[in-house]
Amino acid sequence: MSAKRVISYSQAINEAMAEEMTRDERVFLMGQDVGAFGGVFGVTAGLHDKFGPERVIDTPISEMFLVGGGVGAAITGMRPIVELQFADFIWNAGDEIIGKMSKWRYMHGGLFDVPMVLRLPEGAVGGAGPEHSTCPEAALLSATGTYIVVPSTPYDAKGLLKSAIRDDNPVAFFEHKGLYTTKGEVPEEEYTIPLGQADIKRVGSDVTIIAWGRLVHHALAAAELAARDGIDVEVLDPRGLRPLDVDAIVTTVEKTGRVIISHEAGQTGGASAEVAAIIAENCITSLEAPIRRVCGVDTPVPQSVHLEQFLIPTAEELHVAIKEIAAY
Amino acid sequence: MSAKRVISYSQAINEAMAEEMTRDERVFLMGQDVGAFGGVFGVTAGLHDKFGPERVIDTPISEMFLVGGGVGAAITGMRPIVELQFADFIWNAGDEIIGKMSKWRYMHGGLFDVPMVLRLPEGAVGGAGPEHSTCPEAALLSATGTYIVVPSTPYDAKGLLKSAIRDDNPVAFFEHKGLYTTKGEVPEEEYTIPLGQADIKRVGSDVTIIAWGRLVHHALAAAELAARDGIDVEVLDPRGLRPLDVDAIVTTVEKTGRVIISHEAGQTGGASAEVAAIIAENCITSLEAPIRRVCGVDTPVPQSVHLEQFLIPTAEELHVAIKEIAAY
Amino acid sequence: MLTPELKILIYRTMYQVQQWEKKLLQFLDDGLVSGFYHAGRGHEALEVASMLALRQDDYLLYDHRGCGHMIAKGMDMVSLYGDFLANDKGSTKGLGAGIVHIADPDRGVLGQSGTLGGGHVLAAGAGLSIKLRGTDQVVVNFFGDGAANRGTFHEGANAAGAWKLPVIYIVQNNGWAISTPVDKVTAVKSFAERAAGYGMRGVSIDGMDPFAVYEATVSAVEQARRGGGPTLIEGKVVRFRGHFEGDPGTYRPEEELAQGKAQDPVITTRARLIAEKTADEQQLTALEEEVNAEVDAAAAEALTGTMPGRERLAEGAYA
Amino acid sequence: MLTPELKILIYRTMYQVQQWEKKLLQFLDDGLVSGFYHAGRGHEALEVASMLALRQDDYLLYDHRGCGHMIAKGMDMVSLYGDFLANDKGSTKGLGAGIVHIADPDRGVLGQSGTLGGGHVLAAGAGLSIKLRGTDQVVVNFFGDGAANRGTFHEGANAAGAWKLPVIYIVQNNGWAISTPVDKVTAVKSFAERAAGYGMRGVSIDGMDPFAVYEATVSAVEQARRGGGPTLIEGKVVRFRGHFEGDPGTYRPEEELAQGKAQDPVITTRARLIAEKTADEQQLTALEEEVNAEVDAAAAEALTGTMPGRERLAEGAYA
C-alpha cells in the first residue's frame, strides 16, 4: 500500500468492477438503470461508456429475471454481476437466490459452477421506507450455498468485490447505502482481500464489539467515547458472514472476555444471533459477562426520516452498553 | 380433556380448519389442489365437499398470487388460509410474505389488519429434494411482522391453528410433513392454545433440550435413552418462534444449567442461534456447560432418501450430545 | 355520463391535484419534507378521471407516482400533507414522509406496495374478496410501464382473468422507468396487447385526455360490476418532471419532453371546457381560486401537526 | 428436413424413451427407486422430436415430467438410471433419486428447477449468455400448463422478447396440473395466445405428432439462430398416468383419459411409418429389439453402481 490515495466506498466498488471487467471479458453487469444513468446511487457511473451496452445492461423491472437470468448466464460460461436496486429486493427473487443461485451447483452434483455476484445496496438512509431500507443478510445466512460479504470501508469494498467476482461461488455483496460517500485509503496498485477473513478495525483489550457494515463506524466512535472512560475496546469486523471467520471471533473473545455484537438489522433472528451462538458454543468459559446484542429495533423501517433514526444503534447506545458490560 | 380420542396430526389440522370455517364465514382456504383432491398430503380432505368451491379454492401455480392475493383479501374483510404446497415455496413469494403480508399493517399506520394464515408443510421426507424439503423458519424470523408457529403434536397443531386463524396478525404455520401420520390425543371438545406459549414435553432436571417440530420427537426418544444412563432430560417445545416464550426458556435453563438446542434446519443461521443468543444474554450465569446446537447439516437437502437421512439429527446423536453435556 | 358538471368536477380535481403537488414541492424545497417524492405532474388526467368513475367503496391500490388518485378518491388533503410532513395529521399518523404509504380504509384507499408491482397480486386478492363477499365493488390497481414487467402482473392478471374478478389494471405508460425507456426493456408496443393472454379486455387510450379516461374506466367498471371480469387500461401519459425530485432527468431527449409538456392535461382540459362552452373563463377562474384557498388551508392546517416521538416506532407492527 | 432416416430415428428414440421409462417403473415397483417419479408416458413425441431438432451444444432446461428430452438430447441411459437409483453411476453421482436433478454439461443439459417455472428465467439468462458470447446456440425450456402461470414466465419471456434472445419455450399442455384442470385456473384457451404480449411468435401444435413437433421446432430454432428471437410452442399432449407414481388420478374423467390414450404417440407413429412405407414391420421390430437390448444393458449396468456414503452429503455445495 504505497500511494496514499483516498476515494469513496462507491468509487472503490466502481473500480473493482471496472478492473475485473477489463481483466475478464466474461464478466458483465446488469441491473436497473446501471447503464448510461450510472445506477440510482451512481455506483456504476462510467462503466457503460467504458464497456458498452452489451456488458453493462439496463434491465426490465424483473428481479426474478435479474437473478435467475444471472444464474442461467453463469452456468453457461459468463460471470454476471447483478445489481438489485435495493437489497430488500432479494425477497422479490427469493427462489432465484435460495433455490437456484445457491443450490444449482449442489443439486446438480457439482457439475456446474455459479460464478456470480449479487450487489445489494442495503440500509436505512433518508427515508426510503420499509421495503427499501433493510439489511437482510440473515435471511441469506439461513440457507446455504451463497457467500455473504459486507464491507465497511472503501479498502475492504474494493478488495472483497474483486475476490467475489473471481470466486466460482455465488456471492451476495451487501453495500451500505449510508457508506457510499465514505472516504478511505485505497492503493493505486491492484490487491484483493480473501473472502472470510475478519479484520480488527481497532485493537483493544477490555471489551470486543463485533460489528459489520455501517455499524463498524458506530462501534469505532463508541470505542473513542469509551476510551475517555479508560475502557479499551476492540472492534472486530468479520467483513462477511459466509465464510465466517470463527477463529477471529474466538480469539478476540478469549482476549477480552466481554463481547457486544452489533448490526443494523433488527435484533431478533439477525445474524448477531449466529455469532452469539458460536461464542456460546466455543468459548463460553472465556466470557466474563453475558453476551450483549445492540442491534436494530424489531420493527419495519418507517418511512419517516425522523423515526428512522431511532431504529439504528448509535455510538452513544453502544457506549452505554460498553460501560455496562465492562462494569459487569 | 375428557374424551380420550386419538387422531393424526393431519386430521387435527383438518379439524381446526373445518371448525373455524364453520364458526366464521370470512375464513376461506386456497392453495394448489386443496379442493376435491384434498391436498397433496391429504390434509384438506373433505373440506371442499363441506364448504364448496367458493371457500376451498384450487389455485393456479402462482405463489405470489397465493400470498399477495391472500393479503388483498385479508385487508378487505376476509380471513384467508393459504396453503403453499411446500414450505420451501415461501421463497417464491418472498416479497409477498416479508414486504406485504408482514408489513402492510405497520407501513400503513396500523389502519389495516392482515388476518391470514400461511400453512407451510415443511421438512425432509421421502426424497423430495433440495427445493421441497427444508424447514425455513429462520428466514421469516429475521423479518418482523408475522407470527411463527411450529406444532409438534396433533393436540398442539389443532389448538394452535385455531388460535392462528382467529388471530388478527398474519401467522406462518409450519406443519412437518413427517408428522402428518403421527397420532395423538385430541379431545372432542373445542379448545385453543395461545400463540407464544412453550410447552414442557418432558420434565427433567439435568439437561434441557429445546426443540421444535419433528425434532421434539427425536429429543423425547433421546431423553429415554439418556434416562437409562441416569440423566434426567427436560424437553421444552416453544411451539413457535414468534411470539417466543423467553420466560420458559430462561426458566428451564436456570433449572438444568445445561442446554441443547435442536432443529432440523441447517445449523448456521437457523433459529437455534436466536435461542442461544437469548440464553447467552439472559441467563448465561446459570449455565454449567457450553450451549450446544444439534441441528441439520449445512447443505441443501439431497434428493436421495439414502443421503437425506444423514441430514437430520437423530435420537442417537442427541443422546451422545446429552451425555457429553451432562459430563461437562 | 359525462355531464357538464362532471366535466367541470374532473377539471377542478385535476387542478386541485396540480396545486396540491405544487405546494408539496414547495414544502420539499423548504426542507419540510424529507425523503423521495415522485411527482405526478403530467399524469393528472389519468389518475383523476379514472377515480371519478368509482364509488367510495371501490378499492384503490396506487404506486409511487403522484397523489392524484387518492385526492380524486376523496382523501383529505390535510392527511396527505401530514403524511409527507410525517406528523400526526397524516393518514398514518407520523409514519410517512417521502414515498409514503398513505391509506384510507373508509374511502377504499388500500395503500401502496413500495416494491413495484406488488399491487398486481393484491388487487387480484381484493377482487377475489369482493367476489366471495358478493358485493359489486371493483378494485383499481395503478402502476407504471416499468412495473408492468414484474412477474406479479402475470400471476394477478391470470387469476383475475380465469375467475373473472372485478379488477381494473391501469398502466400509466409514461415511456420511462427512471432512466430506462420502455422500448429497451419491453417486448411489446402497447401493454394492452398483453390483455388477451389473460382473457382480459385491453384498451390503450390517451391518458392525457381525462374524458377518454373517464369513458374507458366507466366501461371497465360496468363490466367488472356485472361479473364480466377484469380490464387492462393503458393510458399513455407524460412524466413532466424527473423520476423523483432531485433527478435532473438528463437522459431524456429535450424535444420529447417539450412535446409532452405541450399536451399538459390541466391546460388542455381547461381550454377544452371553454371551447366546448362547458364553462367560461370567469367560472373557471373562480373555481381555481376556490381550490387555491382549499389547498392553502389544507397546507396550513397540516403544518400545525406534531411529529411523533420515538415510541411511534414500535407501534402498529402487530394487531 | 424430415428424411426417412430421421423419421425412423424419431420413432426409435420415442420407443427407447418409453422402454426406458417402463424399466424405471419396474425399478420403482421393486423398491429400488425411492421418491417421486412423474411419468412422461404420452409426452414422448413432444419431448423427443423437439430435441432431435437441436445440436449437441444447444441447451435444455426440463421439468419434472419424464426423461424423454434428456435421452433424445443424447444422455446416457445408464447415467439416468443411476440418478434414480441414487448411485455413483448417475450423472450427479448418487445425489439423485426421485425427481432427480439430472445434468450433462457436455450435451447442454443444464438441469431442472424443482420449483416449477424456475427455468423460465434461467432460460432467458442462458439466451442472454449466448448472445453475449456471440454463438448461435439456442436454449429450450420445457414446462407444463401449470408452470405456465408462474410469474417467472412473464419476466423471462419479456426479456427474451425485448432482446430477441434465442430461447424456445415449450409448454407441454396436458390439461392438468396434478388434479387441477387447466381451464379452472387459466384465463386463456391456448398458451400460444400469450406469445404476442412478448413480441414472440406463438404456435400451438399437436404434441402427439412428432413430425409436427419436429417441424415447429426446426422453424423456431432457425429463427433463434439468426437472431430472430424467441418462440413459444404449445404442444397439446396427454398425461397417460397419474401425476406421480402412486397418484390414482381418480379426479380424471375416464372417457377423457381413454380418448387420450387412443392417440398413443408411440403406437400411432409406428403405424404411420408403416402406412407411409417409411419402414416395414420387420425393420421396426428389429429396431425395437435392438432398443430393448440397449435398455436392458443400461439398466443392468446401472444396477452395478454403488450408493455413496455419508460424506457425499457435504460434497459439492461450494466450488
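Note that the chains are named A, B, C and D in the order they appear, and that numbering of residues resets to 1 at the start of each chain.
Here is the rule we go by: a contact is a pair of C-beta atoms (placed from the backbone, for glycine too) under 8 Å apart; a residue touches a chain by one contact, two chains touch by 3 or more.
Everything numeric here is computed off the predicted structure, so don't read it as measured data.
Chemist: So, comparing C-alpha centroids, which chain is the farthest one from chain C?
Modeler: D
Chemist: At what distance in angstrom does the C-alpha mean of chain D lie from that of chain C?
Modeler: Centre-to-centre distance between chain C and chain D: 45 Å.
Chemist: Centre to centre, by mean C-alpha position, how many angstrom separate chain B and chain C?
Modeler: Measuring from centre to centre gives 41 Å for this pair.
Chemist: Go ahead and note the Å separation of the Cα centroids belonging to chain B and chain D.
Modeler: Inter-chain centre distance comes to 37 Å.
Chemist: Would you please write down the residue numbers of chain C that are in contact with two or more other chains?
Modeler: Residues 95-96, 101, 113-115, 149-152, 154-155, 158-159, 162, 184-186, 317.
Chemist: Can you list the residues of chain B that touch 2 or more other chains?
Modeler: Correct list: 59-60, 62-64, 88-89, 91-92, 95, 99, 106-107, 129-131, 144-145, 298-300, 302-303.
Chemist: Make each chain a node and each touching pair an edge, then name the shape: line, ring, star, complete, other.
Modeler: Topology of the interface graph: complete, with all chain pairs in contact.
Chemist: Which of the residues in chain D come into contact with chain A in the complex?
Modeler: The contact residues of chain D facing chain A are 59, 90-93, 95-96, 101-105, 110-111, 113-115, 118, 120-130, 132-133, 139, 151-152, 154-156, 158-159, 162, 315-319.
Chemist: What residues on chain B touch chain C, complex-wise?
Modeler: 28, 54-55, 59-60, 62-65, 67-78, 80, 95-96, 99-100, 104-113, 115, 144-145, 167-169
Chemist: Using the touch definition from the top, list the residues of chain D that touch chain C in their complex.
Modeler: My answer: residues 149-155, 157-162, 184-188, 193-194, 196-200.
Chemist: Considering the complex alone, what residue numbers of chain B touch chain D?
Modeler: That would be residues 32-33, 35-37, 40, 58-64, 88-89, 91-92, 126-132, 297-300, 302-307, 310-311 of chain B.
Chemist: Would you mind writing out the residues of chain A in touch with chain B in their complex?
Modeler: Residues 88-95, 97-99, 102-103, 106-107, 129-131, 134, 136, 138-139, 141-145, 241-242, 244, 265-266, 268-274, 276-277, 279-282, 284-285, 287, 290-293, 298-300, 302-303 of chain A touch chain B in their complex.
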